[in-house]
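As written, the chain order gives the labels A, B, C and D, with residue 1 at the start of each chain.
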Amino acid sequence: MIVDAVSWVLLTLGGFSVLIGGIGALRMPDLYTRMHAASVTDSLGTMLVLAGVILQAGFTLAAVKLAATLIFLLFTSPTAANALASAALMAGINPGLATPWRQEPRS
Amino acid sequence: MTVFIIIFLLTLLVITALAIVQTSNLFAAAMLAGIFSLISAMTFFLLDAADVALTEAAVGAGISTVLFLGALALTADHERAGTAGRLIALVVVTAIAAVLIYTTFDMPRLGDPNAPSQLHVAPWYLEKTPEYIDVPNVVTAVLASFRGYDTLGETFVVFTAGIGVLFLLGKAPVGQPKLSPAMTFAGKAGLRHYQIPRVVGRLLIPFILLFALYVQFHGDYGPGGGFQAGVIVAASIVLFALLEGEERALQALPAGLLKLLAAAGALLYGFTGVACMLLGGEFLNYSVLAHDPVHGQHYGILIIEAGVGFTVTGVLISIFHSFAARGAK
Amino acid sequence: MMDLLGLYNYWVFAILLMIGFYAVTAKQNLIKKLIGLSIFQSAVFLLYITIGPVEGGTAPIFHEGAARQVYSNPLPSVLILTAIVVGISTLALGLAIIVRIKEAYGSVEENEIREIDRQ
Amino acid sequence: MIYYAVIVAILVTMGLALARALIGPTVYDRVLAMNMIGTKTVLLLAVVAFFMERPDFLDLALTYALINFIGTLAVLEFFRVRAQRRIAEEKEEGQSPLSGADAP
């Protein structure tokens, strides 16, 4: 019962942060701030939603798979964000308020 | 509820497709094609086709974006000319779409249990699979045993496509200036100097390979099988090539070995069929492979799924190398 | 209303098919044509998969303790599963041909290639 | 019941991310949108697998979680290669300014 309640709270918060991040990714002024908003859905939202579903699953194989999914996502999605930011910086996309700057490619 | 999720996703799918056709930036089109693949995998899952969704996931996330980018690095990433005969094409396309939509009113509705397709072959497969083959995943049973001929053909098509790519791109281009390996896609060093992707990627490659083995051998019990596992193995090698440079990937898995793998997989499949004939059964009738016909079917499925996995892995990695190395050799 | 919603998948199939067809016929860029071809292919996949599900059914993988014992049609899954992998291999073949065309003509636009051929 | 709310939130976010992919304005925004839709797909698969009472299909979510970032790494490699070529061209032009100016 308590587990159910906790999982509901987690799922609600997760859905909320997923939505907030989505709105931010649409509304923010430049690429880097948009990436920041997207990270709210990619990390926080993912953690909350998957934690909520894990609590629903209980001690089963499904919970293990969900935990593995969560761990791998926490590795891969920041890496993808880092790669994307490197690519954008290399191409000379500047943050809205910063002075122009370009990173040289590492061969 | 599921119906409404499907309708929403299909609408997104149409919007994405329109955007793909409309944009003149081919790089953007490749990214939108990635989104298209993600949404369609989700739709397939909701339409009760878990195996297809897994295949689409592996292909769309692991291989097709990389292939498109490799080809764009060799050609151009912008459309120059617009469209020709746009008006005629639009009229024709609209007319055909109208006719197609008109004919759909006679189609059985989604999920109709009395649709002709649900009444004929499908119930037989669902009923006889536990008796003849006894694996939980009916899709694998149909794929590998009941329709084994079909899958043999498909495996050889994949193999032939791989041979075609090797023929077209295997030899160095004539009369073109040689590029330095640092300037080809995933050439000499790849992303070796980008530490964060490199550390994380190297950490994950063993897990991806392990997961591919799970998909390969769990294919009888859940979604999976040789096709999906082959694509996932290829994706992990592509990841290695991106991180460490194509040269080092070729040192780990030489091109000759990949060709051998592709050929050996297709041959393994074919020879399993011949072995069945030699043991007194029909071509690809695995029941004769063991004393118990059901066990024979299990062995047969295991062997031919391995063959399919070998071929898909070998062909897809060879294709990646052909695109990546183009221009430097 | 619900009756018509059951046809939505087919409509999307028709529209996607025609979007792909439009890209193949009207676009000049060869890579764009190939992307159009893969949209066309996806439309066909969607048609096949739409035939599969049964009302109240689940994916055709037997599992114990199931509340529902109705399983969807396995055959479309089998056909499309192999077609997706074949599709990516043939897409690669098409891209390889385009790369060779680019090396031979210096362009991947159909009208420019025709122009060079005429000379 | 709670699943409905989460599913709707994820679907709406997918729609918003797709809108970002359509607007652009840079190609990187489109890559960002693809990443977002990728993680949303993982979440949706995980939630829907429970919603449809088939938790054994979580393999799909695991597949995406493991290999969806390969595409983004390929994007980084693509732009690295392009920047390398640009630098090489600039160097060539710098060494022989006359022929560089005449080159098409």
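FYI, a contact is a pair of C-beta atoms (placed from the backbone, for glycine too) under 8 Å apart; a residue touches a chain by one contact, two chains touch by 3 or more.
The structure displayed is predicted, hence computed values, not measured ones.
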Selected pair, greater C-beta contact count between B-C and B-D: B-C
Intercentroid distance (Cα basis), chain D paired with chain B, Å: 19
Centroid spacing, where centroids are CA-atom means, of chain A and chain D in whole angstrom: 13
Computed distance of Cα centres, chain C from chain A, in Å: 30
In chain C, residues with contacts to at least two other chains: 58-59, 61, 63
Contacts with two or more other chains, residues of chain B listed in rising order: 50, 72, 182, 191, 194, 197, 201, 204, 207, 222-223
Residues of chain A engaged with two or more neighbouring chains: 72, 76, 79, 83, 86, 106-107
Chain pairs in mutual contact under the definition given at the outset: A-B, A-D, B-C, B-D, C-D
Touch list for chain A against partner chain B, complex: 72, 75-76, 79, 82-83, 86, 106-107
Chain D - residues contacting chain C, complex: 52-54, 56-57
Interface residues, chain C side, partner chain D - complex: 58-59, 61, 63, 66-68
Parts of chain A lying in touch with chain D, wherever the complex brings them together: 8, 11-12, 14-16, 18-19, 21-23, 25-26, 31, 34-35, 38, 41-42, 45-46, 49-50, 52-53, 56-57, 60-62, 65-66, 68-70, 72-73, 76-77, 79-81, 83-84, 86-88, 90-91, 93, 104-107
Chain B residues within the chain C interface of the complex: 3, 6-7, 10-11, 13-14, 17-18, 20-21, 26, 29-30, 33, 36, 40, 43-44, 47-52, 55-56, 59, 63-64, 67-68, 71-72, 74-76, 79-86, 89-90, 92-94, 96-97, 100-101, 104-105, 107, 109-113, 115, 117-118, 121-122, 125-126, 130, 136-139, 141-143, 147, 150-151, 154, 157-158, 161-162, 164-165, 168-169, 173, 176, 221-223, 225, 227, 230-231, 312, 315-316, 319, 322-323, 326
